[in-house]
Every structure is written in structure tokens, then in C-alpha cells.
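Note that subunit A is present in both complexes that follow, paired respectively with subunit B and with subunit C.
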Partner chain A sequence: MMGRTIFIDPGRCIGCQACVSACRECDSHRGKSMIHLDYPDEGRSVASLPTVCMHCSDPVAPCAEVCPADAIQVTPDGVVQQADTTRCIGCANCVNACPFGVPKIDLAAKLQMKCDLCYDRTSHGLAPMCATVCPTGALFYGTLEELRTERPGVEVADSFTFGDTVVHTGVAMVVPADKVRWPVPGGLPVIEVNGVDVR
Partner chain B sequence: MGPVPQSSDAPAAPAAEPEATAAAPRPRPPAVRATLVASAVALLLIVAIILGSRMLRNFDSALLPYAVATVFLAFGVTYRYTVWVSEPAARRLLRQGWRTLFSRENFRKAPTALPRMIATYLGFQKFLGARSTARWAAHQLLFWGCILAAVITFPLTWGWFTFTSATGPGPSYEMRIWGFKIIGFNSADVIGWALFHGLDLAAVLVIAGAGYFLWRRLRDRTATTGQRFGYDLVPLLALIVISVTGLLLTFSAVFLHGGGYEFLALLHMVSVVFTLIYLPFGKFFHIVQRPAAVGMQLFKYSARQDEKLFTCRRCGELVDTAPYVENLRGTMRDLRLDFDEWAEYCPRCKRVLRGSAYLTRVKRGFK
Partner chain C sequence: MTLPVDPTIAPPGTRTFHDAGGIPADRWHADQTGETLVPTHCCFCGVQCGMYLRVNQAGKVFGVEPRNHDINRMRLCPKGINAYQQVNHPDRLTAPLIRRYRDKPFQECTWDEALDFTVAEIRRIQEVYGADAFGMLGGASLSTEKTYLVGKFARVALRTRHIDYNGRLCMVSAAGANKLAFGIDRAGNPFSDILLSDCVLIAGSNVGECFPVMTQYIWGARDRGAKLIVVDPRETPVARTADLHVPLKPGTDSAFFNAVLHVIVRDGLTDEKYLADHTTGWDAVKAAVENYPPDRAAGICGVGVEQIEQVAHWFAGAERAMAWHARGVEHHSQGVENCLSIINLCVATGNIGRPGAGYGTLTGQGNGQGGREHGQKSDLLPGGRSITDPEHRREICHIWGIPEDELPLAGTSMMEMVHQMRRREIRGLIATCNNPFVSLPNHHVVKEGYDTLEFHVQLDFFLSETAANAHVVLPVTVWAEDEGVMANAEARVVKHNKAQDPPPGVRTDTWILCELARRLGTGDKFAFSTSRDVFEELRIASAGTVNDYYGITYERLEETGGIAWPCPTTEHPGTPRLFEDGRTYHPDGKIHLQAVAWHPPIDPYDETYPLSLTTGRTVAHYLSGNQTRRLGALVEQTPRPWVEVHPSHGFSNGQPVRVVTRRGSAVYPALVLESIRPDTVFVPYHWPSPTAANILTIDALDPRSKIPEYKVCAARIEAATTLDEVPAPPTGPGRVAYPETQVSRTDPRPPTAPQGLGTAERDWSPP
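This part shows the complex of A and B:
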């Protein structure tokens, strides 16, 4: 987990799309929103899940590892940048290798784009656009201590399982304090889809 | 915190899978192999310079520093290229690209695909137009200016081109390559003028293109976000310095009777030599990398022609071509990213499935 980072609490998300709109205002990808807001149990539940880049720290950025053009840089503070426009060839390796389904791609422009934690803001001490506008605190930006000052006793997880692999991330997720299970299931292996067993 | 994850920083194990070792029975460390290959290429260039300049008879010793810089350039580019293509992702895609190019299906079904891609992708860079029309236009100016300059200067510094006049001071000249006469021209007419001022024309194109990009790097907030001086600005400044000092050389010759020529020539030479040596290590390396991307395009194009498509196992949305997904899974396995099965799901389904898992197993109902 990074020192100052985003903490995602899907339990607080009301699916209002404020983060999606605010993300478009980010200077590094103006006009295009990089945050994903999904409804995992659409039609049955109002549950919604905001997804920003998790800034994987171990293994370091699988997206960057599978990039054939060395286009994805990781800054010393652990932020995984979006693809360098000069180098990106639009092969979509990162899009399909990312375990969290984060990067987007413009096939005509042969360019990948993704959440870079609003690096133009966070590198200057400001909160990312999404966390700035989130009305419910589903997206919180700060240190774990700052989060705990606001929400005493809150527990967070920064590791996810994908099959037998554990991915540690720079961005963390809030988990219930009474049943902290490490690490958080990432969805693989796929066990069920909307109640239907697909094993 | 949490359970100890499995180690993922194991050294690149060449024996990850039999397929990976088949091509290289006794793999050398990439740095050693790269040094050997780069030295061989640099040596080859030296031999080519000696032979092409007719045993140095046509070699212009005033251009020696430039020629030496091109030898360093050849070494640097080859070194960096060899290291680059030894990484799993690049190696696999490059191999697939070549395999597709030389496949019978490609020759039979899409013989024009490669030339078309080279023209639209590498030449006219249509994809840049999809990013921004202004950036496309500026890059085209920069690109064609650099191509023109390279085509003129590289053979000149190697002593491959010569311009000789049988009539002493002209105006009729002969252009020779490797000593063979190619064309004769009159230096006073339009063709002669263009031939002798090709570098000035190139400089104008480059200044226009690089000037726009420099302006953008100073003003546009998308460009300035996260930009680095050494990576983003130095290449533009280098190109502008080369072009301006080059134009000033002509200015000095035409209007100042050669005043300040020696100083300008030195400044020009230093900027060119610096740029050539810097080329393999910074932003300019995309010049070498980009052509390799044509292989990736051909690989995907060929599979699409055969309708070998791969759809998401959950929602049926198109993921990519089937050979591409297989190739990516291989790359992920090479890198010990053992969740390659996940590549068979589209990004949205990955997020939704993670959401479902969180919903059912971590925080039921997100309460």
C-alpha cells in the first residue's frame, strides 16, 4: 500500500457517477473518464463498484510487465502511469493482462489510457478528482491514519487473490473489521456468476 | 500484513517452458549477447563505410566526427534493440509478427497487407491523426524532415555520395553513389538547387514540427502532466538546435561570406553527435521500436481475416484474436503472472466478477 493512496469502500458507493464525471476533468486524459463504475449484480441489487487503477506493487504492475514496448512507467512513489504516447503501440496486452480490468484502449489511436491516480494532482499534494467529489466517501484519499481518524477501527486490504496468485496493490479496499480475510478474492477462479454455478 | 505471497521476483528462468528454450539452446545473458551483436553491427558499418567510400578515397575527413557518431549510433541502437527484444513480451510478439509475415496464408490471402501497413502506419501515421490532427500534422513535418535529412547526411558522412564536376566549378555536376554515376544535373536549375539545399528544406520542416511540439510541451496541460525534461524536452531542443545551426551555416555562406562558419559548424557538429549518441536511450528509441509494431498489427490482422476470434468466456464480448490471447497467456506465464486464465475474460467481466466475489464473500450485500 502506498503512503497516501485511495481507499475504496464499495459499501458506501451509491453509484451516482460523480467520480466518472470528475475523472474526465483530469488533465492527463481530459474529456475521457478512466474510472469504472460497475454493477456486479445488476437488476437484483443496487450494489455498485468503483474501480480505479490499483497500482499493483507485487508483482509490480503486470500491465507494465506484459508491455512489449516498455510504454508503462512506474514512478518511484509507486504510481503506475498510463502508457507513454510515444511508445504505446496499442497491442492491448495491458488491457487483457490487468487482473483488475483497468486499462482502456483506443484502437484507432493505438493508445492505452488508464487511471494514473491523477498524477498531475497527487504529485502536488492534491487528492485525485474522483476522491475529491465522491459524496459518500466510497473513494477516500489520504493515509491509513487519516482514514482511521475519520472511521475508527476501519480495516483495509491491499492484497487480492487470482487463483493461486496474490497481487499486492498500492490502492487499498475497505473490508469488514469483524471478518478480515486476507487476501480479498479477486474473482478468479470464477465460481459463480449472479448465483449461477459456472464451475 | 496478510499471508506471505509467493515470490514473484525470481530471476528470469530460461527453462520456464520448453517452447521458450527451443530457439536458444545455450542462452547467454542478454547484456553479453547484446554487446556481441552490437559490436558486430558496428564493425559491419565500419567495413561498409570503407568499401562504400572506395577504400576511403571518397571519404570526407571533415565529416569524420559524424561518421564516428553513426558507428556509436549503430552500436547503441543494436544493443538496446537486442536487450529489448529479449524481454518476453517483445520477443513473443516480434516472433509472431515474423511468423505471420512468412506464413503461406499471408502470401496467399493478404500479400498487400504489409506494404499497406508500412505506408499508412509508419509513413503517414494515421493513428496519430486519431489522437489529434495538429499533432499528426506536426509529427509528419518532423518525420519527413528527419527522413530527408537522414537520407542525405548518412551516406554523405560515410563517403557513399559524392558530387563531382567535370567542368571545375560547375554548374554541371554528377551525383555518384559508391563511385557509380547516378544522375547529372545543373546546379543552377531547380533540381540542382533542391539537391544542394535538401538539408535546408529538411531543417524548415523539422523546425516547424518540433516548434509546435515544444509550444505544446510548454502550454498544453495534457502534455505537461508528468513530463520530464530529459525525456520530453531534450529531444525537441536537440532537433531545433541541429536545424537552426544547420540553417545558419547556409545563412553564413550566402550572406556573411562565411563569417562565423567555423564556430557554427562546430556547434552543429556537437549537437548532431550528441543527438545520434542519445538516440538509442531516450524518446528517440521509438524510431526503432515503432516499426516492430507492424508485426503485431500483421499478426492480429491475419487472424482476423481467418476469423480466429476470441470472445469473453462470460459475456461473449470480443476480447481479441484467438492467437493473440494465446500469445498473451504465454507471455504472462513467462513472467510468472500465473493468472493467465483471467485473460479469457473481458475487462468488464473481470471487474464484475471481482465485485460479485466481494459481494458474496467479503461484505455480503455491501453492508
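This part shows the complex of A and C:
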């Protein structure tokens, strides 16, 4: 994970969508929100889950790897940038390649849109917009040490399994340490968890 | 151990934040230069989060920027983030509207024409039917200056006893209980005390949706190991992860809290020394709770005995425990008693007036606290004075410069005034900052009352459903176009700053009331040209009272970021935490405990109406929705109301379901959720007829606070074929509600969850 990054804690999320609205206020993509907010336990609980770009580090940025226009750049600090508008051809390869389903295509502009951790804000020492406004701290911006100071005993995961592939990410998730050892199962049908057949 | 109140105590997760206010905006904003950031607060709920409004070089508000104010530490909810979009919204009213008869369309007119007609109607009605035949209704989203002016205008310019405000639908049960028990009407502790607590009890408050930013304080306590108990019929977002969620049946709160206190007494967990030293009435309370053994209460409340025992042991066992409550316990025919039963719990365990230990009530409106303090309530005068107390009357008449016999007597409550309209005891009405066509219960009766009025003038910045039924509508400023103070749920007075000039044709409420007073011949009593002028008189009018604002000045508010009253001198630091010296504001300094007996809700259950209907808010909307139903992002998040039902009723998600009560019926899409009690259904109340929850609710009132019983009535549900459609928000003549904000309003689906549609369920591409 990156040194200073976003930590996502779905346990704290109240599903209010302040992050969704705040993202829309960002000057570089005003009016369009890049945050995904899902209610994954529909009908059973009011649980909610925010998703920002995970800024994959190993393999580095699958979205960038598949980009035929070489439009998606990764900065030295590990932030996977939004597709460069002068290069992007709106082909949606990145959308299909992303294991977390993060990038979107603005169909009218024929351009990709994706979270860059509010590079314009973080480069001036501000937190990303979503983590700034999040009323509960479900989106936390800072270092792992800062997170641990404030939430004693917190466990985080920065690797996720998709079938045989393990993806290491720059953004981390808070996990219930007593229940799941990471890497955390990703998006494909779960067959085994950490070597244990769970079918 | 005593810990000082440190206003800089920050919720975790925010300690290293610094906001954009310290950075010149053009150094980091991607495509804006030359903008300014105006520090102010949100216009919506009682948390009063700090925010910056972004103002462009043309002097227009165009955005929002998080502000590191100690209340919210840059946190904002979706309502606050989108609030700025009201300021230059295409639906704004920019000219007075007028018509002689309700069946004629509105026409735009000049201010002179509108005010002359209004004054002529006031004179006609009052000359023929007496001064009290003209009523006035205010609101608690107004700044405190304006609420002071509303009360003074009614008593001095209109000389009517019929003045009340929409806080009557919101806060009055808590106010009544606070006054009875403590002799002062406000929360006992600041939000930051939650961080120091060991057990936080949230009763009847959907904190995650109605006061989202408060959630960070609760998590801050939990990260230290505090227990969280949530008492609510629904498993709301904050209840979902609570250490204990008690899903009691609506309308059984006081039985539950009496039973909790029963267990505390039975197990010897009371703080007898505190009770002996600081209270009266404990024996009566103890005798009353004797009648609520856990097994009896468990039957009444529909919860397990073990939950009652657990709450008692956690709350009484904690070194520092706090209780916070909101409309869930207050909106009842025994709302005051419900609040008292929670106060009894805090007092009996000695949890009053200490860091991390105390009692608070979460005001729903931005100025729910300040709006009830300075005289727009039917029975109160400025400084929380009673209009029936001869000494209080004398003081105010002296300040206002009027003879005592000219000061009207106490009036009636908002819902009672509607019945007086129906009986033609009130024939004319001036109202500001409220939308009773959505917010009052038993809508058909409300409509009938307003339709009977001979003359109705409404002040608003958008044409509300109520304003659309008036004879004259006067366009007023939004919060960002005038300065003024508000008091949040902690009784912390904060200052809203002016960020832009109002559009041409728009006036402040202050200007309108002063101008009407001048035309009514009392202009000398209303020589106010700015909010500051009004505030200076308010400071004097509150000096020496319990609600003492004398030491608060605009300058001090700007320096400090907020001061909690009482603040008697300009050197006084304010009073964030009450009762630290063990004394209340009663003359004897004691807490006056009140015994409470539970009674069932007013609307009886029977075979035809077996279920409980309860109503409430959703996170994307605010009160009657006149503001939030016009903001595109919020409409997109939650386009329409729904009925929340348990899967055991056999309905499928999205199926049209008719909710029927003894007063009316409406059809909503079903949101089928396991997180609601099987015997309870829920409808959010932000939308107008025909989808208004208040078509269904009962107008039974608490006998003391006169708050309506919004939170429980008897209902049944049945399958229906077609949904009732959500109407577009009303607009001025020749206009339609700004189409881009209304795209998703006709979406027939219920939301994915009570908090709204998930982003995957929405059309991401702009229309």
C-alpha cells in the first residue's frame, strides 16, 4: 500500500453518499462522481460499501497495462492517474480490465474517468474530497500508523485474490481480523479462501 | 476526575487535517482562479457543520469547500455538500406573486402592490374580526434574529396572540421535558463529550441519516471502547453496527425506559448520593418504575427481557454514560414524558453535568435550538420568558416600549391554529420558513384549514406547496445572502456569513417584516436595517435571562467559531456543559424528577388497522423537501418515497403497496427489508400529496408540548396496481421545476436501501 493513502472501512459506512456528492464537486470533473456506493446486502440490511480506485501496485495498474493509447500514467508515488484526455480514445479496455470495476466511460465525451486520489488536492497537502467529508471515517486518508493510532487493533488488507491472481493495491481496506486472513477474496465466485474449500 | 471542556477536542480521523482556507484558492483549484472562500455553516440540520462557500469573481456562490470547524472537522453530509446549489437555482422566486382568489393563477407584481394588498387585508380582517383573527407562523430554519423579529412582529405590529412556529413539529417535547426537569431548555453536554463517554445511548434518532456528521463522535467513543446502544424500531445505519440495537415497537418508549430504570433500581445500581443531593421527586419516580418489571415491558415493547437488562447494566455500569434522543421519542402523544423517562435514567445513575456523562437532545432544524428561545413560540417571549408571567411581560414591554395591556396573551400551537382556521377563528395568516402542506399531520384537515383562510401570505425563496396555495408570496433570501446566528444542538451559537447579494427583486425577511410594520404604523419599533441591528436588541432582550446572549457578539463569534449560551458578559467563555456545579436553573437548584406512566398511542390498533406506521427522514432530503427536492444530486440519490415493509408480508421489492390509515391512503413502491419490525411499516415524509406520509399520520397532540404523534399510528397495507406519482416542486408563473434536477423524480423504483439508490442502480451519464 502507499504511504499516505485511503483506507476503506465498510463497517463504519452509513451509506449516506456524502462521498458520491463530494466527488462531484471536484473541479477536474465537476458534476460527475467517480465513487461507487453499493448496498451489497440488499433486502437484508442497510449495509453499504464505498469503492474508490484501489491504485493497483502489483500487477501494476491492469487498466494502464491494457490501454492501447498509453493514456493511463502511474506517478512515482503509486497513484494511477485518470486517462490523459489528449490520448484516451474511450475504448473501455480499462473498464474491462479493472478487477474492482472502477473506471467509467463518459459516453458523451468518449473519455475514461477514474479516481486519481484527488491529485490536485493531495499535492497541496489536503485530503481527497471523499475522505475529507466522510462523516464516519469509513473513508480515511493518512498513513497506516495514523489509522492505528486512532483505531487501536485495526487490521487492514492490501491484497485481494481473483482466482489464481493476487492483486496488491495502493489503497487498503479495513478487514475483520478475527474472521478473514488476507488476501481478501475478490470479485470472482469464491471457491476457496486461503486454501480452504468453501464451496 | 474532572476534564475541562476543550472545544478543540477533535474526533479521531480529523486531527491532522488542515483545510483549504489557509491556502490561496488559486494555488490548488484546477480550473478556478480568483475565487474566495466565505466561512459559514450549513443551512440544514441542528449539527450546523462549518463550510466554506466558494464565490467566483462575479460575486456568485458556485461551490462548497470543507471547513475545519470544531463542530464537524471538515465532515459534511450529502445535503450539506449540495446546499450551495440552492443559491443561484433557476427555481428561485425573484418577484412577489399575487392573486385575489385561489382559483386564479399567480401574477408577478411590484413590492408596493404586494405589501399594500397584504396590509389592506390585515387591516380589513383585524378591524372586522379582531386582532387575533390574523395569525402568524414562523420557522426554526430562520436565523435567531429573524425568529426574534417574527415574535416581535406578531405581538407588536399585528398585536395578535396567534403566533407559533414549525419547531412545534420538531423540538417542543424535548423543550418541555428540559424545562420541567432542569429549568433550562437545551442539551446538557457538547458533542465533544461523546468522545469521552463509556456508554452512548441513542434513543429514537436515525443519527446516520439525520445527523450524519455526528456519527464521527460516536465512532470516536467506540474506538476508545465505549458501548453503543440504539433504540429504534428500524435497524438504521447507526444501529446496524451498534453493540446493542433494541428494535422496540413504536409508541412504547416510556415503558421501555421505565423498565430499564426498574432494573437499575432493583439491582442497586442507582447513584443514591447524587439523587439525595441534587433531585426532588425521586421517590415518586421509583414508585412509578416499580410498575414496569422487564417482563411486562418486554410484552409492551415487543423486545426481549434480556435486552432491557442489558441496557440497564451497560448504562448504569458505565463510569460515564450519555443519552441522546430525537424525534423518535419526541413525536408522540406522550413525547414530553418519553423525554422525561430518559432524563430519569441519566439522573438516577448520576450521569449529569460531567465530561462524557450527560444528556442531549438532537435538534432537527438548523436553528431548532435558537429558534425556540426568543419569542416565536405561542407561549414564550424573548430570553425564554413566559408570556403568562407578569414580571416577564413587564420586562419585555419595557424593552419594546409598549404598554403592558397591548402585549397579547398566549396563543395556540400550530396544529391547533389549523383547526381555528377551519372554524374561521383565524381568517388571515402570514407565514415564513415553513411548509405545512408537507410537514403537518393529517394533510386533508390542514388543506381544509388553509383553504378556509380569507387571506394568506407566505414568504419563501422557492414556491413551496403551501406557498402555491397562498394569495401573496413574497420572495426572500436564502441563508447565504444574509448574515445571522443560529444555535446548534449543543446550544452553541454560530454565525452564518453573507456570501453573495440576493438576486434583484428578492428581499430579506427582516426587510419585509420591518416594512410591513412601518405600513401598519409601528415602524418606530422596527427600525432595523440589518441582522446586526436585530441581534443587538436581542442581546439586550435576553440579558439576565436563562437564555442569556448578552455576552455574545458577532465579533466574538467570528473569533471563536461559536459560543454556547448562557453567556452573560462579553468576557464570559460561554457554557458548553451545564450543571457542572450540580445546580440546575430551578430556584432550588435541584433536578425536578417527574414520574412517568406509559399509555398506548392515541390511534388504536384493531383488525382493520393492525400495523404501526412510523415516519421519518432519509439522508438525501430535509424536512418538507422544498429545498432538497430541487437539487439534482439529491433527487437522483432518492427520487421518491417508498414504504418499508418486512418480508413476512409477502410483497416483492418495488411492488405497489397501498398504506391505509383512518385518515387516508397512499400507494408507494415496497422496499422489502429485514431491518424493520414485522408489525411496523415506515414511510419517509419529505414529499407532498398524493405521496405525502402526512396524508396518513394522526394529528393527536401531546397535551403539554402540543407536538403531533407523527411517529405512530395504526395502519394496514394492501397490494395495489399503480403507484401514486411524485409531483414536481411548484414554481412561479410560466416556469417549470428546473428539468435537469427532476430527471429521476418519476423513477418508479424504491431506493436500493433507505439511504438511496446505489450508484450502480443509477444512470451515470448525464441526460
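One rule holds in what follows: the second predicted complex is superposed on the first by the 187 of 199 C-alpha atoms of A that agree within 3 Å, B and C clash if a C-alpha of one lies under 4 Å from a C-alpha of the other, contacts with A are read in each partner's own complex, and residues count from 1 in each chain.
Quick note on the criterion: a contact is a pair of C-beta atoms (placed from the backbone, for glycine too) under 8 Å apart; a residue touches a chain by one contact, two chains touch by 3 or more.
Quick caveat, the model's predicted, so the values are computed rather than measured.
Colleague: A:I72 contacts which: subunit B (first), subunit C (second), both, neither?
Modeller: Neither partner.
Colleague: In the overlay, answer first, second, both or neither for which of subunit B and subunit C A:A47 touches.
Modeller: both
Colleague: Tell me the contact category for A:P183 with respect to subunit B and subunit C: first, second, both or neither.
Modeller: first
Colleague: Going by the contact rule set out at the top, does A:E150 touch subunit B (first), subunit C (second), both, or neither?
Modeller: second
Colleague: By the touch definition at the top of the document, which applies to A:S28: first (subunit B), second (subunit C), both, or neither?
Modeller: Once the two structures are laid over each other on A, A:S28 reaches both partners.
Colleague: Which partner reaches more residues of subunit A, subunit B or subunit C?
Modeller: B
Colleague: Going by the contact rule set out at the top, does A:G11 touch subunit B (first), subunit C (second), both, or neither?
Modeller: A:G11: touches subunit B and subunit C.
Colleague: After superposition on the shared chain, which partner residues are touched by A:V175: those of subunit B (first), subunit C (second), both, or neither?
Modeller: first
Colleague: Could you look at A:C56 and tell me whether it touches subunit B, subunit C, both or neither (first, second, both, neither)?
Modeller: neither
Colleague: Thinking of the overlay built on chain A, is A:H124 touched by subunit B (first), by subunit C (second), by both, or by neither?
Modeller: Only subunit C; A:H124 stays clear of subunit B.
Colleague: Which subunit A residues are contacted by subunit C in one complex and by subunit B in the other?
Modeller: Dual-contact residues (subunit A): 11, 13, 27-28, 36, 38-39, 45, 47, 106, 108, 120, 123.
Colleague: Per the contact definition, I'd like the list of subunit A residues that touch subunit B in the complex.
Modeller: 10-11, 13, 27-30, 36, 38-41, 45, 47, 49, 51, 58-59, 62, 65-70, 81, 85-87, 89-93, 95-103, 106, 108-111, 116, 119-120, 123, 157-160, 162-168, 173, 175-176, 179, 181-194, 198
Colleague: Report the residues of subunit A in contact with subunit C in the complex, numbered from low to high.
Modeller: So the residues of subunit A touching subunit C come out as 11-18, 20-22, 24-28, 31-33, 35-39, 42-48, 104, 106-108, 120-121, 123-127, 129, 132-137, 140, 142, 146, 150-152.
Colleague: For subunit C, which residues count as touching subunit A in their complex?
Modeller: Contact set of subunit C toward subunit A: 11-13, 15-20, 23, 27-32, 63-64, 66, 74-78, 80-82, 208-209, 212-216, 219, 223, 235-238, 240-241, 619-620, 633-634, 637, 647, 653, 672-675, 752-756, 758-760, 764-766.
Colleague: Quick one: in the complex, what on subunit B touches subunit A?
Modeller: That would be residues 1-3, 5-6, 8-9, 84, 87, 89-90, 92-94, 127-128, 130-131, 221-222, 224-226, 283, 286, 289-290, 292-293, 296, 313-314, 319-320, 324-325, 328, 331-332, 335-339, 341-343, 345-363, 365-367 of subunit B.
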